[in-house]
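Below is one structure, written out as structure tokens; comments come after it.
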Amino acid sequence: MIEKILIANRGEIAIRVIKACKTYGLKSVAVYSDEDVNSRHTKMASEAYHIGAAPPSESYLNMEKIIEVALSSGADAIHPGYGFLSENPDFADLCEKKKLNFIGPNGKSLRLCGDKMLCKDAMIKAKVPTVPGSPGIVEEVEKALDIAHQIGYPVLLKSVFGGGGRGIRLVNNEKELREAFEMASGESKAAFGKSALLVEKFLPKIRHIEYQLFRDKHGNAVHAFERECSIQRRHQKLIEMSPSPAVDQKTRDEIGQLVIKAAHAVDYTNAGTAEFLRLDDGTFYFIEINARLQVEHPVTELVTGLDLVKLQIDIANGKEIPFKQQDLKLKGCAIECRINAEDTFLDFAPSTGPVPDVNIPSGPGVRVDTYLYPGCTVSPYYDSLMAKLVTWGETFEESRQKMQMALSDFYIEGVETSIPLYKTILDSKEFINGDLSTDFLERFKILDRLRDDIKKEVLNKTDAALAAVIIHSEFLKSRVKPHIGSSVRWKSQLDKT
Amino acid sequence: MEFKIENLGNTFDAEIVQSLGNSEYVIKIQEKERNLKILNMTSNKIEFMLDNSYHVAKYLDSSTAKMTVVVDGLQITFDKHSELDKLVYKNSGAESVGDSQISLRSQIPGRVVSINANVGDKVKKGDVLCVLESMKMQISIKSHKDGLINSIKIKQGASVAKNDVMMEIE
Amino acid sequence: MIEKILIANRGEIAIRVIKACKTYGLKSVAVYSDEDVNSRHTKMASEAYHIGAAPPSESYLNMEKIIEVALSSGADAIHPGYGFLSENPDFADLCEKKKLNFIGPNGKSLRLCGDKMLCKDAMIKAKVPTVPGSPGIVEEVEKALDIAHQIGYPVLLKSVFGGGGRGIRLVNNEKELREAFEMASGESKAAFGKSALLVEKFLPKIRHIEYQLFRDKHGNAVHAFERECSIQRRHQKLIEMSPSPAVDQKTRDEIGQLVIKAAHAVDYTNAGTAEFLRLDDGTFYFIEINARLQVEHPVTELVTGLDLVKLQIDIANGKEIPFKQQDLKLKGCAIECRINAEDTFLDFAPSTGPVPDVNIPSGPGVRVDTYLYPGCTVSPYYDSLMAKLVTWGETFEESRQKMQMALSDFYIEGVETSIPLYKTILDSKEFINGDLSTDFLERFKILDRLRDDIKKEVLNKTDAALAAVIIHSEFLKSRVKPHIGSSVRWKSQLDKT
Amino acid sequence: MEFKIENLGNTFDAEIVQSLGNSEYVIKIQEKERNLKILNMTSNKIEFMLDNSYHVAKYLDSSTAKMTVVVDGLQITFDKHSELDKLVYKNSGAESVGDSQISLRSQIPGRVVSINANVGDKVKKGDVLCVLESMKMQISIKSHKDGLINSIKIKQGASVAKNDVMMEIE
């Protein structure tokens, strides 16, 4: 049985896991880089060890060093959090070799989940619907044309070697496909010595909906319903919620059954997430499995009452999942806003530096997972997620209202944040109506509305700001010369405080 | 006084009308009288009630031309905040005493942000000789007369008290 | 419809109601005494008005002043919180007269609930079991003997004019009763000119179990299950939880039906609490109705998902309760610890003064309702409740573990608190086994155990404390004379911070 | 050094063995060597790692006989904290210089808590003449010689710098 867990991570997720350890009587071992000597996770854990310089490659990605600390500190398990080494099959293998209990899937399963083509293949075999397209690499243009004809235009032509948006071409007809195929094929050969192209259906307006899943080492699998994560910027999630306004109970159960199949198909163990795209016509396509605890896991915790980290530890201990699918109920509605240190108007560029003052909201139905404290620093070396603000209400509307209240109470001094953006989104009729899609920000010109909202808010606060400024100005004058009657009083005001 | 909010462009009028004692004041904003009661005040933060509503404002670093406050968590920048440097200039002897006074004294306690002149420099009345910071405000200190800088008594980063001699100009 | 609520209260409950107002788009009006100029409720409300000097009689109990502020500020409703004017029928009547919506029962119902004898009478008529004893005042000793014979010795002889524990005599047999009756009767006549004695069954070991109830203006009534509040000191609750370890589903429903009857019997409106005593044999006796929002209402909120303040406002608005009894489910387990400013070892005497520093715990399943902030003051003028720490878990054990974690994270500088006491209670096998009763502290010698626990904790921290002390001492020496090699470094350490 | 915890009665040994640089030290507690690394330190608070575990301690007001720390939220009071006043006494000239030195100088920067003598008083070597507070510690200042108090240069509540003359004794 696990008694001491090393957390191979930092920030809010390290704190989340350390708190679980404290709650359930387990010892926790933190690791920290030069940059994180004064971070909360370093201070909260039972023990903390320095593992290297600020760049992740020299610390939080340094497998050997982390394993060394785990062994020397007497930890018997490693929780990888998300990001960093969490989905690295070699790290999972290394843990196994050193007899450290890796709290996540085994290396083989991680490899399968990490290779999109292998994973898609496994899903097709398990009859889990995936985005229509070529089952693997297409070498001949005629084959590409056949597939495009089957699935219908427009289609995407993707180079296996291009990452993210690179190497993706949108084609609308046969002629465009022929031209694009030739060009892409040539580019790929020039760059990599070989060509590897995929054809996939182009989906213009989609929702991102994912399912929380668990599978234990005895092969029992359950899902904990969906999260809708359609509100995104630059392909990264901003707002997540459960339930999805687009999923009814029948769909919830049907897709849930696919999720169980998917978990079995990759011999998954521990907590994971099956991601889907949903079209406006209600079609769901599996896209991938995130083989780790997700940033947005609190959303699921609030609507199910489960403690996902506890469940992860139980599963890692070899226990069976202590409930059946039918025991789980989705209750109320939870919304999460990712509070990022970024400048919305500078194309979401990171905003880093010292945070002299913070006010963290609280109240019934409000949960905040964060590493912030007054006097902390937002580091440029790591991701921009400072806090997760999550609210729960009996209904979507109650949850939304609590989120608005909490957002207006959240104050982070010194860095730009995504808080004003969320106020505008949460206030929009489109969000209230659940008309979500991954292009929500562009589709509804949210940034223009945000500009207007900020102006309105400044106008609302103008009187108070003017009052503060004239008091300041009078006080300054009184320092120059006691020429107004109130000057002595100003002085004593200051001395008192 | 007149204020302009940077990202709005609007201009606002605000002034103190009367002190009621007990940290309470009548102020006028856009022609409307309001009651202001100070609860707590430090050099960079003020808590007050404006007509029975609580507000907290933090003063960020400012110049005499701009003033940034964070009021109830919202950052607002004003242009042309006050006539403070004019007042400092006036009190320095520029109007009353004239050329006979050698010492340029600090009219305000503060920290020396920068010194813009050297010993031996020829300066004209009104030239900015140094910048002081007081209560998060930057204030330009101008020469009170034409003349030659004889000595400089201040150092960058050091504090000066009110009435300290900063330079001697002959 | 209510648009602006004056909160005729202070402290954590005023903040609780103000947050509800912010969440649901209502304006809030705070009132404050001289002592509360810098209190959080004064600063959080949309508006705040000074109503008088620190003593409650000159501020929070000053009905006329509060009504005046409500009218002049344009409030249309008054939330009384708990304590102060919350159960004052004259205040409720005054509100009605001034067309202010009093968020609570009407004056008539408050009068009935406030008079124990009238209330008991109403319950007997409604067939709600009450503590066996005389139905009213007993004037003849022979009548008292008859009743004692019926209900069985030992019995309590209570003077109607004595408050609290005063004027209560425990008698074990006929002889003692005769003597006590004569004495009590004489005392009462001497003091009040008349005698008014009650005979009641003495219940040696009891649990305090109460039910949350709601009744709307249309006569619909529901209950929201029980809270066990047996852990007390000096007849005041310390720890509350739901569900009670002594209540099974059948009992829950049965007593719940009695609660509905009780609500109808006094024509109750809004949220209230029916209090019961439970004997070890499973017998429940109704004792009284608390005609207001209860301190411990968050416990019920966490296990039902209801927002009780929202429901109060809805009922005050004349809405029907938006759910049926069968829609309510009790999920998981919630525990509340009342964090009091008091010295456990000085017979729980209040401990007041400035609080320079505070750390408020947080985490999944942790809720804190509090007025504390760093730099605040605990006033000697008001009650000692500084914060309510509430945890929720899927099971009692999970909730208990979260409470232990949160208690150990809760730090309040400058005043004595009940936190160490709760750590000892939560850790006891008797609490874990649910062996609760109102004499829990004495029965299990908890204060002796607390002393031992504190010694153990001091020993655990001795090394760290010694380290801190020798560093301090060396640094001091280095200020005297730089005679050790490290002195310059000490100096620079200090300068950095 | 030896320490006794007030409400336990136990006695503990602790000392600094070695400075490793970079704010790291080897200390010895009850015969066991431990590693201590200071993360942050102010005059009333210290944050440190002791063998890879984080602790935060606050120093509350103390006398030389008692020392109260709040460590990780738990208040602990030690008896007989240090030999500091002996050290201060020694450095004041009581041992080395002897009667020839007139000035009683402050060996430590601090605030004057109380003055226990008047001009003209006859004092003996070792008499407590005043009490200073430094870093939340109260330190008794003793006369370094027998003599008559000639003048007192300090005021209650005022600050003294290291080496300031506090009294003159002839």
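Labels for the chains are A, B, C and D, by order of writing; each one numbers its residues from 1.
In this section, contacts are C-beta pairs under 8 Å (C-beta built on N, C-alpha and C of every residue); 3 or more make two chains touch, one makes a residue touch a chain.
Since this is a predicted model, take the numbers as computed values, not measurements.
When chain centres are defined as mean Cα coordinates, A lies farthest from chain D. Between the chain pairs C-D and B-C, more C-beta pairs are in contact across C-D. One inter-chain figure worth recording: chain B and chain D are separated by 43 Å, centre to centre, where each centre is the mean of the chain's CA atoms.
Chain centres here are Cα averages; for chain A and chain B they lie 46 Å apart.
Once the centre of each chain is set as its mean CA position, chain B and chain C turn out to be 52 Å apart. Across the assembly, chain D contributes residues 40, 53 that each touch 2 or more other chains.
Chain contacts: chain A has residues 408 touching two or more partner chains. On the chain C side of its complex with chain D, the touching residues are 357, 359, 408, 411, 413, 454-455, 457-459, 461-477, 479-481, 484-486, 489, 493-494, 496-497.
Per the touch definition, chain B reaches chain A in the complex via residues 1, 3, 5, 7-8, 10, 12, 14-16, 19, 21, 23, 25, 27, 29-30, 34, 36, 38, 40-43, 46, 48, 50, 53, 55, 57-59, 67, 69-74, 76, 78, 81-82, 84, 87-88, 91, 107-109, 134-135, 137, 162.
Across the interface of their complex, chain C is touched by residues 39-40, 47, 49, 52-54, 56 of chain B.
Every residue of chain A that touches chain C in the complex is listed here, in rising order: 16, 19-20, 22-25, 298, 301, 305-307, 310, 331-332, 360, 362-365, 367-369, 392-394, 398, 401-402, 404-405, 408.
Across the complex, chain B is touched by residues 37-38, 42-49, 73 of chain C.
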